[in-house]
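As written, the chains take the letters A, B, C and D, and residue 1 is the first residue of each chain.
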Amino acid sequence: MTTAAAPAGERTAKTRPATMAQALGRALRDSMAEDPTVHVLGEDVGTLGGVFRITDGLAKEFGDDRCTDTPLAEAGILGTAVGMAMYGLRPVVEMQFDAFAYPALEQLISHVAKMRNRTGGAMPLPITVRVPYGGGIGGVEHHSDSSEAYYMATPGLHVVTPATVEDAYGLLRASIASDDPVVFMEPKRLYWSKADWSPDAPAAVEPIGRAVVRRRGRSATLITYGPSLPVCMEAAEAAVEEGWDLEVVDLRSLVPFDDETVGASVRRTGRAVVVHESSGFGGPGGEIAARVTERCFHHLEAPVLRVAGFDIPYPPPMQERHHLPGVDRVLDAVARLQWEAES
Amino acid sequence: MTVQELPGAAAYRPTPPPAWKPLTDPAPLLPDPEPYRVLGTDAAGDADPGLLLRLYAELVRGRRYNAQATALTKQGRLAVYPSSTGQEACETAAALVLEDQDWLFPSYRDTLAAVARGLDPVEALTLLRGDRHSGYDPREHRIAPLCTPLATQLPHAVGLAHAARLRGDDVVALAMVGDGGTSEGDFHEALNFAAVWRAPVVFFVQNNGFAISVPLAKQTAAPSLAHKAVGYGMPGRLVDGNDAVAVHQVLGEAVARARSGGGPTLVEAVTYRMDAHTNADDATRYRTDSEVEAWRAHDPIQLLERELAGRGLLDDGVREEARASAERMAAALRERMNADPVLDPMDLFAHVYAEQTTQLREQAALLRAESEVEQDQRHDQQDRDGTEEGR
Amino acid sequence: MTTAAAPAGERTAKTRPATMAQALGRALRDSMAEDPTVHVLGEDVGTLGGVFRITDGLAKEFGDDRCTDTPLAEAGILGTAVGMAMYGLRPVVEMQFDAFAYPALEQLISHVAKMRNRTGGAMPLPITVRVPYGGGIGGVEHHSDSSEAYYMATPGLHVVTPATVEDAYGLLRASIASDDPVVFMEPKRLYWSKADWSPDAPAAVEPIGRAVVRRRGRSATLITYGPSLPVCMEAAEAAVEEGWDLEVVDLRSLVPFDDETVGASVRRTGRAVVVHESSGFGGPGGEIAARVTERCFHHLEAPVLRVAGFDIPYPPPMQERHHLPGVDRVLDAVARLQWEAES
Amino acid sequence: MTVQELPGAAAYRPTPPPAWKPLTDPAPLLPDPEPYRVLGTDAAGDADPGLLLRLYAELVRGRRYNAQATALTKQGRLAVYPSSTGQEACETAAALVLEDQDWLFPSYRDTLAAVARGLDPVEALTLLRGDRHSGYDPREHRIAPLCTPLATQLPHAVGLAHAARLRGDDVVALAMVGDGGTSEGDFHEALNFAAVWRAPVVFFVQNNGFAISVPLAKQTAAPSLAHKAVGYGMPGRLVDGNDAVAVHQVLGEAVARARSGGGPTLVEAVTYRMDAHTNADDATRYRTDSEVEAWRAHDPIQLLERELAGRGLLDDGVREEARASAERMAAALRERMNADPVLDPMDLFAHVYAEQTTQLREQAALLRAESEVEQDQRHDQQDRDGTEEGR
């Protein structure tokens, strides 16, 4: 089990405030500098530096051939990335927004996820597909989807998502270094979240697939990832007033899933709530709740509950606050964890 | 006679080569090498003065509409606005060539076309204000919802036009898309279906030079986007998109062709987006001022004014009336957009399905309970505040 | 709660053996005959009658304009169907195989599922998308996917799947009649399954969204659908020898989900196994197990278990028997339901 | 110089109309109105006798291969076989025009092209036998896995060719697709990317008249499929797909063009599928015997034989040698396919990821346990059988 990284103060290099967007950009830059086979491609990633400016400066530093503005066609982008990977390159594809990755789903499901398997291991595809996801940024329709359920249901893909500035760097580096395809989901509304972070002595690149306990607690476990981590951390603080000492697990990787870390936590606390923005029905929480229950049934004092987006198309910006799981909704779920049974 | 049997979609089978016959003669499908123009040419003299004046009023109004909508983003009244400043000739002509029963399929950039067609500007902008996804009933106005996923509206237009034709209705669909959108697979599939079905559709590409930051040279290596028509067996037309009269004429002909059973046409209008991609974009990152200035000299309103002036149709009265009408529209828009939309959180669950599922009913109940708690707290707070104030 | 239909003998019209394929074809025919706005479109659905012959005879009876061979482009097929539905038609789209529906996912997710919502109810899309799914037919790669998880995770869609000849007819009729889009998943390997069935007095068209108890039992509930129903029925018979009296619930509709029928059964039996062919991780079983647990926690003697396809790309035909959940694997899961706890 | 800067993908920006310049002259992009032919024309006399004989041997072998594979489906030795009988000229020429370092991107129908390139027929047929998804290492043979989802292999070919070019390697990719496949969005996107990037790719469409049951007239209204090239700014070539020499020449020129940095070409070969779509298909449902017979008169092997005979190159020895070599291949194939492949169920988990996840390890353990139980039961049964026999 992995616990939270050592506090920034203990690091050698000087830290300064950095945003998640900057950490992601830095991860791309460092990967490209270290490995000449890493190529970035997508819509507006070159001259403009991406609509979220994650790729800012890459075309200038590495040239148009390493950071390429493609024609506007997501299936074409991912499909050509497959060919590039077949030839030994390590493409990093940017999808401009979650919903605009959908045209590429056939390439992703039928080729990216399956190529290693289809060729008996002869032709792995080390492709990273960066998907900015989730809401809370006031985007109009099609700009706030949480599509991780589609990727999770596709064997052959890794699905990774950072929630902190440090992980944004470390996990993106690890994803690009992975010999398997990774759907790297970037929580849009955390792009501008800040943390003290040293780009010059970045955290050791951890293997992907490890969850991390972000807050230790004994009453119940909040299992979450990406955009919902800050919500859960805030809820955990607020819960102290109610007498609940909540543990918070940041999954970081949905595939592979860290059953060990999650299971150990839930076995300790005996209660769990899964929190995510994606729609509840058929969403990631079902899988998580089901596997936690399979593994920890006799430790559970109450069913694993889920706090998720409603089962509706993502609402218009003026309504999104009603849809997004917030602190209150998380606390309400914790309150439903049958505490009376304890006494 | 079924649609499949109509002349043209006839028996093209690659029978043995000695008898090989192409389905259509490619020559008539090819666009002219230069964009078609009327203004500033001899042909302009034949243009109907009424049309010129109508277009002029619309263009002035359209320009003002773009400016007002952009201003509304600064005041936080719109979540985002993709301006069509510089493209008013295209937007306006697309609206004017359609009959009442025809359908318009706009993209996110084409609120002006919807407004020029008669849609209430507030309804047109609702999506971009952010209170609901679509501010109008598409069937009432024969305007499809503004479409964000690029080129996905094109097959819709084909299907709708095909359906109308199967039912014997006189309906043409005009679908708008940008230069960038032509690279999407949906563009290809839509044009191909339309040609095979001879659907009464006009595909209208506004080539404004950029897909956000990506210039056309990185988008295509084709002689022009209009040349793509050949590969579907439909005619391609290339037109100066800043020449309102030319666009109106070319689109009008394409609509007439579709209406008379002639099948689809691909029209490319060469134009330029004078503003950034949206208010959130920084265009200086990818284009030079001098390029923008060069296009300013080819401004659609100025082109038209020059013609009107030359023909003695542009006196101060005309100018003033156009300006005043535009200002009235802008003022009304400003005022109406100043009100906060009243929203019911329960709307979230109202239109997911015809009938709410058990699951959605449960979720609605949850939200309702939350809202009640919130409201109680607000009231408590107000009471407290009131008490405090009362002291 | 709905229970199995009355035995065939009690019907008025004469029954005779019919295959599921025939019942589906008949449902299309009857829908088209009754409602002139119903149009069938897809690849090879006309002259050929579809590669599974489901649409056989429709083009002849109703003309090419009602049953249309389209160009070969799934996004185009579904996209034009959207337009047809916007104009008031009721398109029924055939996807040739599950994996070949993927090119249409963008249209499905961004438009078909959302149009009613986007337009505030003004423009519903009564589209039925028929997707032959699942394995067990010896198909080479890309011909045996179970893609229901993608559809379940997409609010705005109904997801319906028959497991019997009778339901094939009734549910397809109901789906076509629905004013909402339905992904109608046809279990390929049951196409040739037979039952005594009367096409002339077909069962009353039930509203979609109701599960049905196919076998009453008291020891545990098998929750299943589509291609896995026969497996579960066989397992239930075999279980008698082991002393287990298994109840079998056929979901029939994954969305909407019949919590009432499923919950009532599990509360009665106290144990449950979810069985499906689709990959386990991120598959339908997670949602089902999670929601059953949320609702029936204190009635459960053991965690809800899942028997599913492995988390791998669908294997080649000569290996598929290892992948598919069979009777033994279901019984093994039942055996793991902590029976000792009972005594 | 970066790829984007190469001549041709130059600065096409729709600068103000007075300066509007098309990127390329469309005329050279247009295919000839008739499919290009060599056999039976004066040009045939210039064809190299060695090439003619080589093609002849390959065609005879290819025809035999198709027959043998079809026979194997009847014997239950292949799960399915999509025959390329009648299309051997295309399949063979596609293989012969490539250098060793080049890549071939075949569809499910193109096992013959892979075999003609030198791939072991058993490896080529493994997917269709059903024991594993791909029977060969694509990198070892520079042959991409046989591709079933239509047109999805085309962007792969573009990406690979582009990657090779970026690395300065002399590699051309030749991608095969059917007439039906040209309707897919991936076709469009691949050709567009290739043209913009000037990638060294040849797109080779075998227009065999049908997509399963759907004839070309329901697939396109274009003058020809080769005409689609214009819309991407690449040359389109139309060739008689049953004329092996013509196909070889046209593809050879396209490959040479790609190799020399000239960019992609779209080649349409007009041919005919003599067998049903696959052994599982019933072609009588959608086409007439007389159509099939008309094409039999234009058989690729006969066309070549006529030429060879006319030039005195076809004696009994040549015929016999071609026949015998084909029979040897068929006999070897038959024999090797008669063996049941030995399969390890654990292979299911071996190549999903580079490293097995915990979850897959658990699942593998489950299957292993099941297999052991099964094996024990089998052994018990054998023991019992043995005991009974022993009595």
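Observations on the model:
Please note the rule applied: a contact is a pair of C-beta atoms (placed from the backbone, for glycine too) under 8 Å apart; a residue touches a chain by one contact, two chains touch by 3 or more.
Since this is a predicted model, take the numbers as computed values, not measurements.
Relative to chain C, the chain whose mean Cα position lies farthest away is B. When the interfaces A-B and A-D are ranked by how many C-beta pairs touch across them, A-D comes first. Chain centres here are Cα means. That of chain A falls 36 Å from that of chain B.
Centroid to centroid, with C-alpha atoms defining each point, chain B and chain C lie 39 Å apart. Each of the following residues of chain D touches two or more other chains: 4, 132-133, 149, 183-186, 188-189, 192, 196, 218-220, 347, 352, 357, 359. Those residues of chain C in touch with two or more other chains are numbered 70-71, 73, 75-76, 99, 102-103, 106, 110, 114, 117-118, 141-142, 155-156, 255, 257, 281, 310-313.
The part of chain B that touches chain D in the complex is made up of residues 4, 8-18, 20, 22-26, 29-30, 33-35, 37, 183-189, 192, 195-196, 198, 207-209, 215-224, 227-234, 240, 242-243, 263, 270-272, 291, 294-295, 297-298. The touching residues of chain B, when paired with chain A in their complex, are 79-80, 127-133, 148-150, 180-181, 183-186, 211-214, 218-220, 281, 285-286, 341, 343, 345, 347-349, 352, 357, 359-360, 363, 367, 370-371.
Against chain C, in their complex, chain A makes its touches with residues 75, 99, 102-103, 105-106, 109-110, 113-114, 117-118, 141-142, 149-150, 152-156, 255, 257, 278-279, 281-291, 293-294, 297, 300, 302-306, 310-313. Those residues of chain B whose C-beta lies close enough to touch chain C in the complex are 2-5, 132-134, 137-140, 144-145, 149, 152, 154-164, 166-167, 171, 173, 185-186, 188-190, 192-193, 196, 347, 350-354, 357-359. Interface residues of chain A, counted against chain D in their complex, comprise 39, 63-65, 68, 70-71, 73, 75-76, 78-89, 91, 103, 106-107, 110-111, 114-124, 155-156, 158, 178-180, 209, 255-257, 259-260.
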